[in-house]
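Heads up, there are several structures right after this.
Each of the two complexes below includes subunit A, the first together with subunit B, the second together with subunit C.
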Partner chain A sequence: MTAPVVRIEDVSKRFGRVVAVDEVTLEIPRNAFFALLGPSGCGKTTLLRMIAGFERPTSGRILIDGEDVANVPPNRRPVNMVFQSYAVFPHMSVRRNVAYGLEVVGTPKAEVERRVAEALAMVRLDGLADRMPDQLSGGQKQRVALARALVKRPKLLLLDEPLSALDRKLREEMQLELVRLQREVGITFVIVTHDQDEALSMATAVAVMNLGRVLQVAPPRELYERPRTRFVADFIGSANVLELEAVEREGEGWRVKAPGFGWLRLCTDAAQPVAIALRPEKIEHGPVGARPPQGSVAASGRLVQSAYFGDYSRLFVEVGGIGLVCYRYHRGGSPPLPAPGESLLLWFRPEDAVPLSA
Partner chain B sequence: MSRRSPPGPLDYGRRLWLRLWLLATFVFLYAPIVILVAFSFNDSRRNIVWQGFTTKYYIAAWNNASLLEAFTNSLIVAAVSTSLSTVLGAMLAVALWRFRFPAKPLLEGANALPIVIPEICMGVALLVFFSRAGLLASLGWPLGLLPVILGHVTFSFPFVAIVVRARLATFDRSLEEASLDLGASEWQTFRYILLPWMKPGLVAGALLSATLSLDDFVITFFTSGPETLTFPVKIYSMVRFGATPEVNAASTVLILVTLIMTVLAMRLQSPARAETTQ
Partner chain C sequence: MDDWRSAPQVFWTFLLPGTLWLALFFFAPLALVWLLSFGERTGPATIVVTWTLDNYRQAVDPLYLGLFWKSVWIAALSTAICVAIAFPVAVAVSFAEERHKPLLLMVVVLPFWTNLLVRTYAMIAVLRTNGYLNYLIEYLWIAAKTVADPLGIGSVFGDRYRPLEILYNDAAVVFGIVYVYLPFAVLPLYATLERLDRSLIEASLDLGASQLATFFRIVVPLAQPGIVSAVILVFVPALGTFLISDLLGGPDSQLLGNVIERQFKAANNVPLGAALSFLLLYATFAALALRAWLVGRQGRDV
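Up next is the complex of A and B:
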């Protein structure tokens, strides 16, 4: 059970001069809900298509269940895919779409019928088995694509931006549905997405990619709380990245100087930091003259602008020549928002500052 | 109430001048055909004045053995050349759509050539080619149609290729990948996914090819022997001795055949039917 279901070893893919995937090494644990997250063009879809067998790596190996699949064509891999466009066969009914993958390999008729009914029940499409795809909504087509892949009982289900074409409400519903399905069937899911909310809320582990490289692989919480690079900090949620003005070794950790806030101590055994990330919700603020709690680092700034989001507002504050974002939650009895141009005091706890090494 | 309101900006169907224009177009297009059909029932040797209703020219045309033979020839040629050119055209279309190979632009150009080349040139070229190959005149009836059939395939399969390729251009490649991903072989993917997608294009291409074959005159004229006249060539030779209502009657039958084929093809292609058959 502990052996990873997929091992990707030093895999690169070049299209002519373009390097789409650059020496990626990655392990996808069994029974995980694994997300490949990155901006468009970062190589995540290419990586997925190499696992499915639609692209061949230029170099490196891909092992599925310990077996090198370099020479295994897509129709022989124990892997199924849900396409971004769903790719539901337009001339077949829902039932025939789902049965297709079993029929082409000569599964006995009775078994096909039973497994199709099971798969349709699993994605809650039982009532629509005889509909044609053009009579289905986007969400229903998505379910057909899911059932069609799951009915094959693959070792690995690949999902290429599965929710990007759905409207927001349906997307949230499908997120929960996918998580439920993954638990129910116990198949490893690998989802490609550019939407960090999707990755964070569904996945058990996330690999963040940029420019063909995997930057960090971690569970969502760790990824958010402890990003290692500027890119990850900035891509996952929003972050204030402060370039350090000076760094000194101090015992186990580092003593660093952040613009505006001055010197602070970072307890980390990681490599020498070049910047720190501060999540907006970790920055507290108050009127000038407020007394920040013991041990926190403070600086005074000027409110440039605020944006209202209903349950909270975003405050854009200038501190020592750089812009910072922090939040004001609208709780009962909160003091009124400061006006633009007013001075504020900002502070944070040094342990909330995340050292970034690149 | 709504009739009172003035036509909207895109309500072209409700503008009088446009309706008149439409009417004039229809008259221009269909009046000759209507007259041709009407005069096939005219009880007169000459096709000038209406003398009274009769169906005797249909019987005369039916009893005209050589006309009937030409008609049969035309149907055989159309059937065989359509089947051949549909298969060839579809294969060419798939090859051009699917693969990248060195001489592809050349092949694409060569594909369009039979369409743009003047028919007269092609007729002469085929005549020279077939007589050099010894294919002309020496053969008896059914085999004597071979040069005509080959000629028709030559000019009609590029049309099929173009129509099928246009259909393929709208094919979502991920359907093919999905099929492979689900465990289907390349052949199964072609048979169950690509071919059904191509079907409307194949039907349209076959129809086009059949129509082209049925009414082709120039190329057939050069490639047919005296024993293997097709319908248009036969009509032409009859008209040279004056257009009798017999010709009208025969032409009316041909129009009817084409019409029935078109209706059938449209029925076959309609989405309602596609759903119930799949």
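Up next is the complex of A and C:
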């Protein structure tokens, strides 16, 4: 395991009385495609701007490659940024935009030409080098911004909501493109996004932020399968969160009582859970007389409503006074959907229940 | 009003007062002056429009042409100084904290609260031989001499302070024009810089450019529309000024504006004054056309 490329130590940022980033400690591994994910106003962009050098932390340290960058201005940091608005210089051609970052530091002309050509080829803009920005589409401007940053060969490429201004089809295309680029250039990418699909599909590691704090850092799969807090469970995908009625220590794990379902065992060495999360697709259902498989936890409920989505339907079921969501996949030979008001039996495997500690 | 075509009455109602005002008090007098420029004096107060070109022939006399070039030169120099001073001021205001901006802008336009004539007379009190600027310099001179005398090098200062001749020359006229028209340069520059996308500046810094390189390679080129507006707003009135050159200038600091004023008043040669006025107006049109042509050419390059 190599040293992380960025270490953020107890970093806070206050704007007047507003705490934008609250004692964040974070390591960004080298060569990662790292996502900062959170709702708007969670402090993710402020954190990114502190790494770039546009904001100074109120307290704490940021180390890039082991070096404290507190007194390094943005133009001397080995970091480049792709801005949300792209910030392509409107009075320069594509080629001059990409060359800008090399020219201002006095790179020899021949090298500038060679590297600009390389960068333009990398983002597939070779043919448009002499266009002006107002003759480019949004996606092309984004590629200019990418080439302009990558041509500097930074240790870290920061991307601030890079896909939010693109339409859906282009967004999906750019997602693949960014992943390809990251693998090709071997530079650590840090992307800020509020879109969980974007984060899950592109990143190798995701930090989920809310209210200025980092709640969990994990690979996408772990984040979805094992969220640790109510916020993460709810923000990543959809989840049924059941507040526990009682918790007891039992050996290595916990014995907990969930509303409607009664007692179940959770095998976890984590802190004492206060709630469990159940993904809708992990909850099975059947008619009242059904026999759930050995070891699963069952409860009977009443269908409140169902919503049809083509390949599946969402069922809203009331169990023990709380509402749960589960899915019915429309496979060949499935029995007809129960009608609202009808009774159902719901069950899940205890190992699919995710203990939440906050 | 989504479309003036769908509600022409409303459109005309709103347009009418302004149009009438311009027609009565701008175009009509202008047309009158234009007619008079082709007129001949037949008595002390009677002018007959005979469509003669004599006035124009007289107006392109080397004497007046020389004054014309001097006016252009003084106006151009004043404009350059105005823009050079106004740019940093506009940058400072547009980058100031949001809550300080109204106050700073008010300071910029504060001189407008006082009449131009009063301000120009105040400049005389400051610049004249027995003026405040000379008092200040004399004070500094005495202080320097007091320090230098015991060191034995007091003689370089001379034995008596001789007031500087600051007033009544071309430099004073340029100073006066800059002083009066500076706000006209600051405001359009500020408006342009205020709209400048800050992320462009950040992107430049992010790409390794210094603050200075960012200023000259990003901020100045993108502020070009503001610079053009500032130049026009200062150059056009400076070209026609007569009050400032009359009060602050010396006997040889006469500009074309002073000559025109004299033709209409003291010299009572209204046709010549009218012809000179229109030459000045055509020069202004030419400057505006040049600007439009430059902007158009730039637009094609883009």
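What we mean here is this: the second predicted complex is superposed on the first by the 357 of 358 C-alpha atoms of A that agree within 3 Å, B and C clash if a C-alpha of one lies under 4 Å from a C-alpha of the other, contacts with A are read in each partner's own complex, and residues count from 1 in each chain.
In this text, a contact is a pair of C-beta atoms (placed from the backbone, for glycine too) under 8 Å apart; a residue touches a chain by one contact, two chains touch by 3 or more.
Treat the numbers as computed from the prediction; the structure is a model and nothing was measured.
After superposition onto subunit A, the partners subunit B and subunit C occupy overlapping space and clash. In the superposed pair of complexes, A:211 makes contact with neither subunit B nor subunit C.
In the superposition on chain A, A:52 makes contact with both subunit B and subunit C. Using the contact criterion defined above for the overlaid structures, shared-chain residue A:75 touches subunit B and also reaches subunit C. When the two structures are aligned on the shared chain, A:128 is found in touch with neither subunit B nor subunit C.
Comparing which residues of subunit A touch subunit B with which touch subunit C, the overlap comprises 52, 54, 73-76, 79-81, 83-85, 87, 89-91, 100-101, 104-105, 132, 145, 148-149, 152.
Listing the residues of subunit B that touch subunit A in their complex gives 172, 174-175, 177-185, 188, 192-193, 196-197, 274-275, 278. Of all residues in subunit C, those touching subunit A in their complex are 197, 199-200, 202-210, 213, 217-218, 221-222, 302.
The part of subunit A that touches subunit B in the complex is made up of residues 52, 54, 73-76, 79-81, 83-85, 87, 89-93, 96, 100-101, 104-105, 132, 145, 148-149, 152.
The touching residues of subunit A, when paired with subunit C in their complex, are 52, 54, 73-76, 79-81, 83-85, 87, 89-91, 100-101, 104-105, 132, 134, 145, 148-149, 152.
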